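Submitted below is the structure of interest, expressed as structure tokens.
So that you can tell them apart, the chains are marked A, B, C, D and E in the order they are listed, and the count of residues begins at 1 in each.
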Amino acid sequence: MSDAALSQPAPAMRSIAGRDIGLKRRYAAERRFRAFGIAAITIGLVFLVALFASIVSKGYTAFQQTRITLTVDFDPAIIAPNGDRTAAGIMSGDAFRFDTLMQNAVITTLSLDPDDEDGLYDALDLFSKGSVPLLRRTIAEDPSLIGQKRDVEFYADGNIDAFVKGAISADVPEEQRVVKDAQIKVLQELQADGHVHKAFNTGLFTFGNSTRPEVAGVGVAIVGSFWMMLVVLVLSLPIGVAASIYLEEFAPKNRLTDLIEVNINNLAAVPSIVYGILGLSVFINFAHLPRSAALVGGLVLTLSTLPTIIIATRAALKAVPPSIREAGLGVGASKMQTIFHHVLPLAMPGILTGTIIGLAHALGETAPLLMIGMKAFVADVPTSPLEPATALPTQIYMWATEPERAFVERTSAAIMILLAFLFVMNAAAVVLRRAFERRW
Amino acid sequence: MGSFWLLVVVAALAAIGLVAGRIRVGTLAKSSGTPPHSRPAYYGSYLAIWTALPAVVLLVVLAIVRPIIVDTAVRQQLPEAATADGANLSLTMGVIEEVSRGLKVLSTEELDNLKLGLVAARPLFASKGIALASDVPPYMIAAAQTRNSVDGTLGVILETAVIALAGFGFVFAFLKIRPRLRARGSVETVILGVLIAASSVAILTTIGIVASMLFEALHFFSQVSPASFFFGTVWDPRFAAAGSGGSQGQFGLLPLAWGTLYISALALLVAVPIGLFAAIYMAEYASSTVRSVAKPLLEILAGIPTIVYGFFALVTVGPAIRDFLAIPLGLGQSGNNVVTAGLVMGIMIIPYVSSLSDDIITAVPRALRDGSLGLGATKSETIKRVVLPAALPGIVGAILLAASRAIGETMIVVLAAGVAARISANPFEEMTTITVKIVNQLTGDLEFTSPQTLVAFALGITLFTVTLGLNIIALHIVRKYREQYE
Amino acid sequence: MTAVLAEAPKHQTIRTPDAVARPVKVKADTVKVFYGQKQALHGVSIDIPERAVTAFIGPSGCGKSTFLRCINRMNDTIAGCRVEGRIAIDNKDIYDPDLDVVELRARVGMVFQKPNPFPKSIFENVAYGPKIHGLARSKADLEEIVVTSLKKASLFNEVKDRLHEPGTGLSGGQQQRLCIARAIAVSPEVILMDEPCSALDPIATAKVEELIDELRTNFTIIIVTHSMQQAARVSQRTAFFHLGVLVEEGPTDHIFTNPIEKRTQDYITGRFG
Amino acid sequence: RDQIKIAGSSTVLPYATIVAESFGEANPSFKTPIVEGGGSGAGLKEFCKGAGEDTIDIANASRKIKDEEVANCKANGVSEIQEVKFGYDGIVFASDAKGPDFAFTPKDVFLALAAQVVVDGKLVDNPNTKWSDVNASFPEWEIAAYIPGEKHGTREVFETKVLQAGCKATGALDAFIASGLSKDDAAKACAKVRKDGKAVDIDGEYNETLSRIDSNKTGIGVFGLAFYENNKDKLKVATFEGVVPTTESIAKGEYPVSRPLYFYVKKAHLGVIPGLKEYVEYFLADQMIGPRSPSAAKGLVPAPKTERKQFLADFQAGKTL
Amino acid sequence: MTAVLAEAPKHQTIRTPDAVARPVKVKADTVKVFYGQKQALHGVSIDIPERAVTAFIGPSGCGKSTFLRCINRMNDTIAGCRVEGRIAIDNKDIYDPDLDVVELRARVGMVFQKPNPFPKSIFENVAYGPKIHGLARSKADLEEIVVTSLKKASLFNEVKDRLHEPGTGLSGGQQQRLCIARAIAVSPEVILMDEPCSALDPIATAKVEELIDELRTNFTIIIVTHSMQQAARVSQRTAFFHLGVLVEEGPTDHIFTNPIEKRTQDYITGRFG
């Protein structure tokens, strides 16, 4: 402020009427600004759609699956050579005897020459390698089948499935594809006889991992991810909010708390694999929690999600105007009451946003899980968070690295399932967020 | 009674306390004529806290101590040979635990047979659904029995102690209740304690991270000179193992630091304008329907696994940028480049900026907007000059968070920008980041204590320090420009 | 926007023409305002003369602020608020879709009922309007505008040493005067003042009244006030609102000495309700 | 713990999972083992953490355990390690299916990818930028090779069987020794890969290599045989020293770039973890690693019958390192 | 907190004792308040009698609100605000570290200068205090308290149909009355009112004044006002502040008719500045 301005006497006011206030330029700026906003959202959504389209176009076929029906003769001589028809009896003994059962079914259904070994193996290769164990389990669950002749639906081998869906083309020379001409012939025969059909792939959701794409599923991963997210939600939301409240509302404002604030911001920049290392040494090596367990995964992800939630929550708390706090304190509410009754509800949308983003990120996180053994082959669906499990992203990662063509679509399908998971999580949070939103 | 039931009992006692406290203060207030200091509910909580808190703390402590005592007791029983080797001991203890689990489900007759050696342990246990890898020697059965009895005794002691403490706490607090007791203060102190404990999780995490990295990093610096690490311009750790005769100075940090900076900066260049404009549009212009759809949709971008982004970058974006930008401009041939990584990563972190900023912008009081609009400002002027400055701290926080995510990301960088460490200004070349190399060196096929592995920790601690510095600067900037409304 | 002229008679305003006829600046015709379902104004029609001070009086909640906010379309910013009827300034319908709201608001300044300084420095608060409208040609010019406006709002002496401290750190009355300074800094043609003196002490009030008197020679001023004395002191015309209806309107001396409606009479003599 | 835990080589991973899966199916009394990848080194690192319940039982490796690793294991109390060899793996060079045929020799690859080569009798930084610079019969493609990153066991094979062989063949090895390096160091120098971006380390898996060839059609990738066989429609394999890589040519020892696959068992766990012994024996059965086995279908190169018998016998003899 | 009694003489307050001596409820002794570097109060000492209305008057920015906020320690919430000196209520130092601030604020209610309703329903706004203090035994009881409080603040008739709509959707004066209702709903012993009637029309003002008069029989009331008339009407004692100093304090009639200090005289006669 110059002294000249200070000492001048007040001049008469100049009216704004008729003066150019640059409206044209300002409206152009306004329109530009608005257009930028629309463009920004559009760009974001376009990328989302592009990603979605590429995933869905690759993955939608995985929800359908080729099945082949065979007539199986449940021959007691093979199944229960010693007469033990109990489930335990079926599940014990020579495991390879059920291969014979399967071979017989193929030979009779296709009327093959029993001595043509190559022909038999080519035909057998049409079926999932998991067929035999599945057959065995079916019999164990229902021993009354023994002695009957029944039509049984088998999963087609992953390559055959891919072939039927057109992912493997018959046009390329035989030596460049995994499906042999002989197999195609047999398959066509089967199709002509109506033995081949497509069905919804329920196993994709319920089965554990498998080396055979046709019976591989994300069941274990869904359960694992679910438990991890539960642990993350149950721990990181309350801890994050509690920590934020303390730091923002109660902690004395001094260098130490500044340091803590900066430090928490900084934790967000720590590569997530470092959390994996920390988790490995603290939860597994020190606390002796089991490796590959969803609980440990959840704990590690909690640590890596906390900074996000804390930062978002603190920002939201800061944005609540002080007059609300004054009003609360003024009627004799304690600081704690004021915060929990008035400030926190107003900050809730921001807190939920932080939680959604934090959880979304945690859900898609792979690197730290690598360190604690969650990128593993796990076939059995875990029944508690302490049992070995995988997670959706690690499962996706593993499938993405499988050489078989049939895993390509399943990888995309698994991503779609993960996104569906994400949608559900977001939807829940959006509903909550709307409930808390208030315009001033 | 397991820990679960113990907790149930304590919880039940606490629930009784919740009611008893209220009643107690009510009657006392009536008889003495002094009104209670706090609401009756606080006296209930006060009593409940005194009942449950010490008991639960004791329970946790004992639960940690109990296995240690049991192990010590069992170990003393074992023959010399079994305890000699530490590694084997842990396995033996594992088997004993398994056996002791089995013993609990055996009938007395089976137990006697087992002890007399009439039946072998393995098939017997197998029939009970407990798998043993091999048969167990008799001393293990004896040890398992000891284990069971010690554990059982301890269990009884623990239960008694916990319940007694809960009871004591109950009585103590019950007697302490009187109308002038500042129950609310006490309860809120406990809540404050909980809040502080929650904050300390973040602190402990930092300590854990720093401690786990610092020690190994020092180890690294004892093998490789800090100068060659911090000022080295070549990153080629493979052949510089200490003592292997290779030249030192192949652990140059600079190319990685440069790559990190370059890629993150580009990512922010994408994410900040898009995110901020999206946030502004959603908060200030869009109808509530548009907003409630667009916002969660954008948030999905943060949750897509990074490997998906990575392959998207590698297969779609990278070649497109190479073919339509790099080659026509004559700037490079590589489908792996900084631009791809920056672009794709920028997309991933958009929601960090957009959603968080949107909430902060919405929270700015309407009176401020009215003030500006009332002066004839256009909406965009109001936003730029009044709303955004008022929302600045939150927005900076959101941007920092986005930057942090960009710095910490691996998969996208690997697939989009490659793993070649180099310094170049050309954004159409391959480059890589510190985080990528941390992951690489840690998961590498490398010796345990070689500098090749340890360098990961040195990188980690360096990254930590640098980002800390950046955050401090950001804090100061925010402090300087912060506009506290009302 | 359709003007519903066939209005129920109970909403008829009683108008007493002024002896000195002045050109009309703002003309409202059966203005109705709804907040969602709730109707806050039931058809207000009034002519507001140019270069004069018009005071709105009436009990709290009767719709004064609501009507005031219609005149520079600040109601647009309230979700769920709907305006019917016609308001014209200089014979131009301000609810015409073609009309430029920004220009309108630049021409029709406003001082709000609750002081709402920006969380910026005192200087920036006042400089804001001139800056966005590009009214200052130079820095010195801008400084001059700021100082003049602060002086007119009689705040300058109190804040001259702390022009660069935040405006939110002022006392309630100081904030109110800051908002007045901010509004007059852009020299609008019409100034709407919603209880500008409610937080002010008598001396500051007197100064603001002096300012209003001075401004009146060039500008049109509408002021909401709860103080009859103030209305009597500063205004040439007075409008009395009650329950969303403009009950009576006319030259101030007339309204205060010889009101036609009983409600008006009751209100100004304090015998109300 | 009643479940076997395994970690290690990503090359061995598919075979180990196949075995684990069918082991679990065939023996309902044991749970299906948990198999982790991560690479040979990472697996052995985990393996050598110590003995006991919280440590893994088996480490898979696509190379032999190193002396340092054995020493580290010992230091951590893992004194008895049983090495089990179970088959072979071939490493192939492949390019985009639509491109021309390649016939590589170690010399070509060395000249294209080594950090230093001999030009006019002098060691210089690799000056070759196009494949045609290396061998006139190759197309005029910019050199871009996607080779296994240093975290993979495969890298070691690549270095010894390809680069070091090529080093010798071009005379660079002698030049290195002449320049005053010890024999060991000279060998190390031979294995050094150029760092100017022409050779790209792939620390991920083969499908990343495939994607890179997808996005850069003139790239050459290094793959496992199994991966190539599953993607024959997208890739064209190169011959190496005139031999086409197939299961047969590798099994016969004709194709030079192959290596044995191993897993390492903690002997101390054998009597403790239920099913561990059974798993190893199951692994070594003909049905699992023989020519008609699912592993073979996945790309494992089975060892000859007599050798397979030997694997099992060695394990059952309980020989430790 | 140390009481610096050796104070510069210019900050000496002139006190005129009341004819009817009342027990002292609030006793302040050389209270100084600093906002960061800036000193807002320069040693204020005053005795405020029980069951009487004390009015604080003085030009805008002189420190009335600041002093008022010291009495229920609302200044604690402002970062950088520091209070020196001693304030006692019922002879207990309220800045004693042992004192329960929350209890203090429950006993010393406050109506703020700028209305600040919670962004909740009107009902919730008023019910909040009674709820947290457990003043209502039943729902019906609570409703009664709310209705009574709203009636006392003469807001009830205007809002009775919309008790469950947000309090932020009220007119300025209605919000102010809502805040009054909220404050009296917990029946505090001392009520601090910072310009409670500044946004109110004469009738509402009269009602609030009536309320104050009624409350005075049981409670101690301190009111900041810019209206001399109001001070004269409702208060028994008046304190005049100027530039952070309590200039003169005494029985209201005495202050208004026969002030000792010239500054006081000037101010109340409007001849100030």
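To be clear about the criterion, contacts are C-beta pairs under 8 Å (C-beta built on N, C-alpha and C of every residue); 3 or more make two chains touch, one makes a residue touch a chain.
Just so we're on the same page, UniProt names per chain: A = Phosphate transport system permease protein PstA; B = Phosphate transport system permease protein; C, E = Phosphate ABC transporter ATP-binding protein (PhoT family).
Because the structure is a prediction, the values reported are computed rather than measured.
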item: Of B-E and B-C, whichever chain pair has more C-beta contact pairs; value: B-C
item: Chain at maximum distance from subunit C, centres defined as averaged CA atoms; value: D
item: Chain nearest the global centroid, as defined over all protein CA atoms shown; value: B
item: Approximate Å spacing (C-alpha centroids) for the pair subunit B, subunit C; value: 56
item: Centre-to-centre distance between subunit B and subunit A (centres being mean Cα positions), rounded to whole Å; value: 19
item: Rounded Å distance, subunit A centre to subunit C centre (Cα mean); value: 58
item: Intercentroid distance (Cα basis), subunit D paired with subunit B, Å; value: 35
item: Contacts with two or more other chains, residues of subunit D listed in rising order; value: 1, 38, 204
item: Multi-partner residues of subunit A (at least 2 other chains); value: 21, 26-27, 322-323, 334, 346, 370, 400, 439-440
item: Touching two or more other chains - residues of subunit B; value: 184, 311, 366-367, 376, 378, 381, 443, 484-486
item: Pairs of chains in contact (touch as defined earlier), listed by label; value: A-B, A-C, A-D, A-E, B-C, B-D, B-E, C-E
item: Interface residues, subunit B side, partner subunit C - complex; value: 366-378, 381, 385-386, 389-390, 483-486
item: Of subunit A, residues touching subunit D in the complex; value: 91-92, 95-96, 121, 129-130, 133, 136, 168-169, 172, 175-178, 208-212, 284-285, 288, 290-292, 370, 373, 375-380, 388, 398, 400-405
item: Complex contacts: residues of subunit B adjacent to subunit D; value: 85-88, 90-91, 94-95, 98, 126, 130-134, 236, 238-239, 244-246, 311, 314-315, 318-319, 333-336, 414-415, 418-420, 422, 429-430, 440, 443-448
item: Complex contacts: residues of subunit E adjacent to subunit B; value: 100, 102-103, 132-134
item: Contact footprint of subunit B on subunit A as seen in their complex; value: 21, 26-27, 29-30, 33-34, 36-41, 43-45, 47-48, 50-51, 54-55, 238-240, 242-243, 245-247, 250-251, 258, 260-275, 277-278, 281-282, 303, 306-308, 310-312, 314-316, 318-323, 334, 336, 346, 349-350, 353-354, 356-357, 359-361, 363-367, 370-371, 392-393, 396-397, 400, 415, 418-419, 422-423, 426-427, 429-430, 434, 437, 439-440
